[in-house]
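Letters A, B, C and D mark the chains in the order given here, with residues in each chain numbered from 1 onward.
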């Protein structure tokens, strides 16, 4: 039974996608039930596997796809981290999207590609070797393009073209890296092993390995929005809110970060990477992105653009955590993968609510929104505080571990970077909070729509926002609990370091 | 270099003639602009190849039925090709094309 | 069992000429099902007992003609039968509005199949020549079927180019017969040497076959012919007909006279292939007509096949085997994907009433399945996973790496990006929102055909082991 | 020896004549002379069958088709000199010439080919059912080539018929006939009007003569040079002559014509497949039956080839003159 579970996880959303594609747009009820049903089934399967992993069970589907190369889906501790995040947030994003896209055209097409996108994310998380990872990595690009250009306006098409130019080139570079690695060190190296497989292969020239490492990180880095290649992320903001939420909090960006983790931990192995001396440049690149992203966010006027640049910097925290050679640092990085996902989804849901209900897109239009939409603003506040890293939110936990990890790894300047970026986060989030709560309402809202009598906005939009807010706080407060993201991250990094 | 005189009998001579025809017709095929002339060039090129086939096969051990049978098939195929090209050409001219 | 594959198409071709319009359509599908069963049965037999020969008329090779069926032949036979069935179902529905063409489409279709099967199975040089001629004539006939001015012009250019190519091939056959005294490929292969006549013969035959496979400098005739023809016709032409002459080229270079071909010549062929990819993609990118874009994409994709030669001649056995596997997978994946793309484009053109890319607006909403089939086949053409195209690209990359020829490695990578450039031009426009013109309704069966082939291209990405094992290239197949 | 040299030079002169003359009619005339010279050459190469075929099919029938097409073609446009094309042509031609010369030169030095099909053929000729080498090769040893070759002819005429029809189709005035069995006739001058007396008498004299020679050539094929293709060409020539003499034959594209066109391949396939039921290989003749079956196949092939070549002439697309038959 265990070999079928990974396939079942991906199969649920694939099947859902195919059925939804065939549904005409009018079938609102059938499509929603199908979507939510698929999300729930997926969460159940992922939970089942997580428990299994906890008891050291093996879930693996393997068949030869090419001579000497296998297509492997294997659930290990690290993949459960990402799979858990994706399945959980996909449920909330689906609920949100159902509410958000009420009455707009092409809903079947949207939800079809939506589930395809999550199927590829699941595939990325469950990939057992670099080849399978590459397959799902490229599938993600293809399934997210139609979401970016969903609105069909000139701006979204231009955004789509930029998005493609970056991600397809990134894909080609990643293919280059993987082909070089397989060609140079043999296909066995591609298998993701707890502490990396590259160390055992004898007679490999380190300079070549470093070059291949650079190419691999470059290929994955485009999606992880490292500085020179982050151009596509703010431009893709033109997509509908659930898409930006999905792209930034869950799917594309995290896939990039997850790729970096896989390459450093499971292909090269953390000790071997440190030995090769590749961790320092990675850390520097991450640090530069963190600072650059925060600075850019400061300059933005549009709310979603500011959130986009904040994501650019936040994702590099994960890369920084990975690059800090030490268990504490990697715990910080891993747990931030989850925390940043939950917090950023909350922020985007809130931004989407503002846009959908009051037609607010720019930050200076946010005066006095707190009174008009208290629930959403509260969620936004919690998310923003989490981003800054104030207790008791989840953000604080990850920044705390990252800080200690930086000291332990002897990279004091990394701690400096963390402190500076937190300050910058505060610099671009606090003014928004001030406008929300303390500024009087300026005039009529740009485009006010009364969506639902009692609630401030459509319940489909409000509930997911509040739910993710609760999760942000829970992840912070209940961090020590056995099933919290932190303890899972500790479990993962323990297996990474002590074979 | 044992180029004995009998080896240079008429079969090999005709093979060389075939080769010359092949080359001349190839040049004409590329150069000539009217489509009909290209077709004639194709036919002559075909005949050149047929001469080469029979000539080369027979210059050492005399008449050999197999290449002759092949060339017979070749001639029939060449006629079919010419007829087809002419059908297309006429249809093209009748519907206003420039031959 | 082997001759069955030659008899079935010929018999059905004759009946299609004899019978009036209605019964022809009736007998088409049963005949094709029969053909698919025959090719599958032969595949099983070959898979179990290894390659086998068949002496026509009971005469041994030097005098008679032998048919040779090995793993590669059988894969091609099954591919032909499968694509033929899907194109036939598409044609049955698509040609309903072309009453006249319908009458003469089916005989040519069956003769095309007969010649293709003849070429895959043949082991005799002159027999290959006659097979190529029959193939060219039926293809030219299908291109000129509509009788419109552009298709006639395209048919004439195609016929002239193909005839020139066949004569080059025949001249080579003449020289080989002059030197070895036999026409059987197996016999020549045993005693072939690198003497002048063999080398010149191979050169002449190569130029002839390059002209018939429309490889880069000699590709001028393909776009108008494949772009202008009816949808099922262009699908058959691009997927199968151009591959026949490539198959013969591979047969000559790798089986007939391996010592007569110098690695430098192989590098030249590779350079032509690279030129095809770059030039074909560039032209495809600049096309404003949808079918011409797909036709130029064929010119580009054929370039990948040419990499077989530089990667397998003068390189290590492992690199050669990887190159061979990559080429075979690319041949299969391109056949499925290109046929699917032409069929889906045919449906789009039917629905839109015109072929210009600029105003494809609103297609994604009104003809979604056709666009989805186009998308799936585009994934395989771009060589993005999970598709047959990706596996083929992967194998070629590995072979290029192993044999140290990094320049092919770069071209293959860039080729994928260039394909993406012109394919997403179509997607970009089809998502544009305001649909200005109305859409003609199209039959659902058209989309099903396109989707089946597109799905086959994607599925090939997962089951690439089957064709490779069938060809006994990969341990696991018997014999 | 000198005759060969002169003949060779003559061939080349005729070929150059075809290309040099800018007036299409003169090229065709040069081409027909080239055909006749080529027939002589085949005689010098001890290939009488080829001489017969070249004369009947190569020079004769192709000449007729070309002349008939000249009527349809308009004045060709002025030919502008294109340097690039000339340069390309010279390079390609020189390359081919060099290659061929080099291979011919080496062939002279090489030892005799390892396989000598002349002996193998002589050894197997007696159980091939016929005594004439070429017919044995064509209809027994390599009969698959012949089968495909007639299929090629059949495809040519099928395309001819398809293109002929669509012109009428686009003129949209006889839709009624198009769906059922096409009975639309070839558009040539209506019979019995303008045939000049001399042509009529020539036709009445020559056509029977041609038919008798055709039958003789067919029958001789098994023992002496001759056979299906040459006989078929003679029948086609007789048909063309009759057409020019305004005798209306084979002008209606109906089931009869189509059966005539396909009968050759049909019987060939039938004879090739039926022994398979009793365990023989495809295209193998049961022992002892080869001679009779080959004659049967040759007869049917002659009918088919004759009709195909004739139809290629009659049903070629042409304008519709003075009402014609529609």
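Please note the rule applied: contacts are C-beta pairs under 8 Å (C-beta built on N, C-alpha and C of every residue); 3 or more make two chains touch, one makes a residue touch a chain.
What you see is a predicted model; the values in this text were computed from it and never measured.
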Joint neighbours of subunit C and subunit A, given as chain labels: none
Relative to subunit D, chain with the most remote C-alpha centre: A
Between C-D and B-C, the pair with more C-beta contacts: C-D
For subunit B paired with subunit C, centre-to-centre distance based on mean C-alpha positions, whole Å: 29
Mean-CA-position distance for subunit D and subunit C (Å): 31
Rounded Å distance between subunit B and subunit D, as computed from the means of their C-alpha atoms: 14
Subunit A-subunit B separation of Cα centroids, rounded to whole Å: 69
Residue list for subunit A, restricted to those that touch at least two other chains: none
Multi-partner residues of subunit C (each touching 2 or more other chains): 63, 126, 130, 133, 137, 140-141, 144, 147, 171, 175, 178, 181
Per-residue overlap in subunit B, given as positions that touch at least 2 other chains: 15, 22, 52, 56, 66, 70, 73, 77, 80-81, 84, 88-89, 91, 95
Chain-level touch network, classified as line, ring, star, complete or other: other
Every chain pair in contact, whichever chains are involved: A-C, B-C, B-D, C-D
Complex interface listing, subunit A residues touching subunit C: 21, 64-67, 69, 71, 105-106, 109, 134-136, 138-139, 141-142, 145-146, 149-153, 157, 160-161, 164, 168-169, 171-172, 175-176, 179-180, 182-184
Residues of subunit C touching subunit A in the complex: 325, 364-365, 368, 372, 375, 379, 384-386, 390-391, 393-395, 397-398, 401-402, 409, 413-414, 416-417, 420, 424, 427-428, 431-433, 461-462, 464-465, 468, 474
Residues of subunit B that touch subunit D when the two form their complex: 1-3, 7, 10-17, 19-28, 30-34, 36-37, 40-41, 43-44, 47, 50-52, 54-56, 58, 60-66, 68-73, 75-84, 86-91, 93-95, 98-99
Contact footprint of subunit C on subunit B as seen in their complex: 15, 22, 29, 35, 38-39, 42, 45-46, 49, 52-53, 56-57, 66-67, 70, 73-74, 77, 80-81, 84-85, 88-89, 91-92, 95-97
Interfacial residue positions of subunit C with respect to subunit D in the complex: 3, 6-7, 10-11, 13-14, 17-18, 20-21, 54-59, 62-65, 99-101, 103-104, 107-108, 111, 114-115, 118, 126-127, 130-131, 133-134, 137-138, 140-141, 144-147, 171, 175, 178-182, 187, 191, 195-197, 199-201, 203-204
